[in-house]
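Below are structures written as structure tokens.
Next come two complexes, and both contain chain A; in the first it sits with chain B, in the second with chain C.
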Partner chain A sequence: MDIASTIGQVQGFTAVAAGLLIGLAALGTAIGFGVLGGKFLEGVARQPELTAMLMMRMFLVAALVDAFAAISIAMGLYFIFASNPFLGAVMNAVKPVAS
Partner chain B sequence: MTTIRSVKTQTYQIVFWQLMLIMGLAVVIFLLRGLQSGLSALLGGLAYWLATLFFVWRVFRRASVKNGRQFIVSFLAGEVGKLVLSGIFFVLIVKYLPVSPVSEMIGFVGAIIAFWIASVIFFIRHPGVTL
Partner chain C sequence: MTAENLTTGQYIQHHLENLTFNLHTMSLGRDGFWTLNLDTLFVGLVTALLLGFMMRWVASRMTSGTPGRLQNFIEMIIEFVDRSVRETYHGKSPLIAPLALTIFVWIFTMNLMDLLPVDLLPRILGALGLGHFRSVPTSDPNATFAMSLTVFALIVFYNVTVKGLKLGKEILTQPFGAWLFPINILFRCIEEFVKPLSLSLRLFGNMFAGELIFILIAVMPWWAQWLPGGMWAIFHILIITIQAFIFMMLTIVYLSMAHDTH
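Right, the complex of A and B next:
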């Protein structure tokens, strides 16, 4: 019963951690892209002839903004769908007790 | 004068350099840690690279100088698709292929950093392009 409870706790906390990873990354990226897109439209409205140049700059800054979001989302989805390394550690610890 | 066509070409050149850097990183990991780790790093890098390629294709599919708002919509839709696709590719590779997760993560993060390095390489090779 204790082992089942521990496994449940690990899975539950991992789910919360994965949710926080994806959610906070999405929040930060949303704020970043909101500011980026707003400034782009502002720049285009002021000087339409600079649109193409601003696009290039936007691409480069977007790569900086979404970097950590991509890593967080990949890690979060990995914990949820692929495998849970923390659960593996628990299973290794209880193996000698069970056998 | 920078045009949309030139921006499209420049962006695809940066993405090409990113692929070269991902392959270089995979070769380095292959030499240091063996075939499985090298292959894992390559697959992790390709997971992000394919998503980036989708993003660039999605943005320039209908990009127009006259309509900045349409560009922003394409840009944000492409960005969402990129993030979702990169996560899905990453998980599918870990789940269904015999890869090392740590090496795959190194390849994935390396691909992200490779985009920044590719941008620097591009601007060194094309000093006339304004940033």
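Right, the complex of A and C next:
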């Protein structure tokens, strides 16, 4: 019973952590892309003949902006769906006692 | 393959396992650090050879008249890479542009493996007896770190050979001035180590997240897969192109920074 509540606690904290990872990543990228897109539109409105060059630069900066967000999302999804290392540590500590 | 009723978690785990080769016992299996990921090596090698031989074949039968479609396509890519290198790099090394072309085309093709159906290659190779297989080499951090550490080695090499002793002066005096040289050294070290780290983790994160979302879509019931699968696949085409382009642009920028100072 004690073990079940420990496992439940670890799972719960992992769920919150994964939610924070994905949520904060989404927040950061949304704001970043919004500002980036706004500046791009302003630049194109000033000088429409530079659209192609500005669009290429915009995609370049967009990929830089979502770099670490992608890593955070990958980590969050990994914790939810693939192995949970914190749970693994608890199970390893429990095994010798149970057997 | 026998009919197995995997749980959702087991299916996902199965698709996230590499085909590993233990270097201690020289057999399939995992052993910590001394493990080769055979699927990454195999797919990376096959894509590289395919691209190399295809481009070589087109180059060997190049005509100065109207080019065929494949030759036209390859010329477009080469002109694009050439333009990107010319805008950013003002040195004379003949290595940069071919390196940029290799990086762009190879990373794009390895990323393109992610658009194959999730179960296609693992089922085919499972019928041949191989237990696990991941078809996207760039979603393996080994592959992305290999590429970015190679670029890092080139950055260090060019820094040392092109700048010579001025490199020492640059490390000690940028950006704060000569009397704050410990801080300058610290900032320089952080900057130099963040370059390969961010380069590889950016590509790995994007590809791993993309692959994982495809697996999660594959877990949904078949009638519900079309809409999210279609939308994510179309978005993913944009992502793989952008990530390959970013790796190439950053390589060019870092190598040109290694040739001249800020």
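In this section, the second predicted complex is superposed on the first by the 99 of 99 C-alpha atoms of A that agree within 3 Å, B and C clash if a C-alpha of one lies under 4 Å from a C-alpha of the other, contacts with A are read in each partner's own complex, and residues count from 1 in each chain.
The rule is simple: contacts are C-beta pairs under 8 Å (C-beta built on N, C-alpha and C of every residue); 3 or more make two chains touch, one makes a residue touch a chain.
Note that the structure is predicted; figures quoted are calculated from it, not measured.
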item: Touching partner for A:A70 - first (chain B), second (chain C), both, neither; value: both
item: Contacts of A:F81 with chain B and chain C, given as first, second, both or neither; value: both
item: First (chain B), second (chain C), both or neither touched by A:T51; value: first
item: Partner contacting more residues of chain A (chain B vs chain C); value: B
item: First, second, both or neither for A:T29, with chain B first and chain C second; value: first
item: First, second, both or neither for A:L41, with chain B first and chain C second; value: first
item: First (chain B), second (chain C), both or neither touched by A:A62; value: both
item: Common ground on chain A, meaning residues reached by chain C in one complex and by chain B in the other; value: 59-60, 62-64, 66-67, 70-71, 73-74, 77-78, 81-83
item: Interface residues, chain B side, partner chain A - complex; value: 2-4, 6-7, 10-11, 14, 47-48, 51, 63, 65, 68-69, 71-72, 75-76, 79, 82-84, 86-88, 90-91, 94-95, 101, 105, 108-109, 112-113, 115-116, 119, 129-131
item: For the chain A and chain B complex, residues of the former touching the latter; value: 29, 33, 37, 40-41, 44-45, 48, 51-53, 55-60, 62-64, 66-67, 69-71, 73-78, 81-83
item: In the complex, chain A residues that touch chain C; value: 59-60, 62-64, 66-68, 70-74, 77-78, 81-83
item: Residues on chain C engaged by chain A in the complex (per definition of touch); value: 9, 12-13, 16, 198, 201-202, 204-206, 208-209, 212-213, 216, 242-243, 245-246, 249
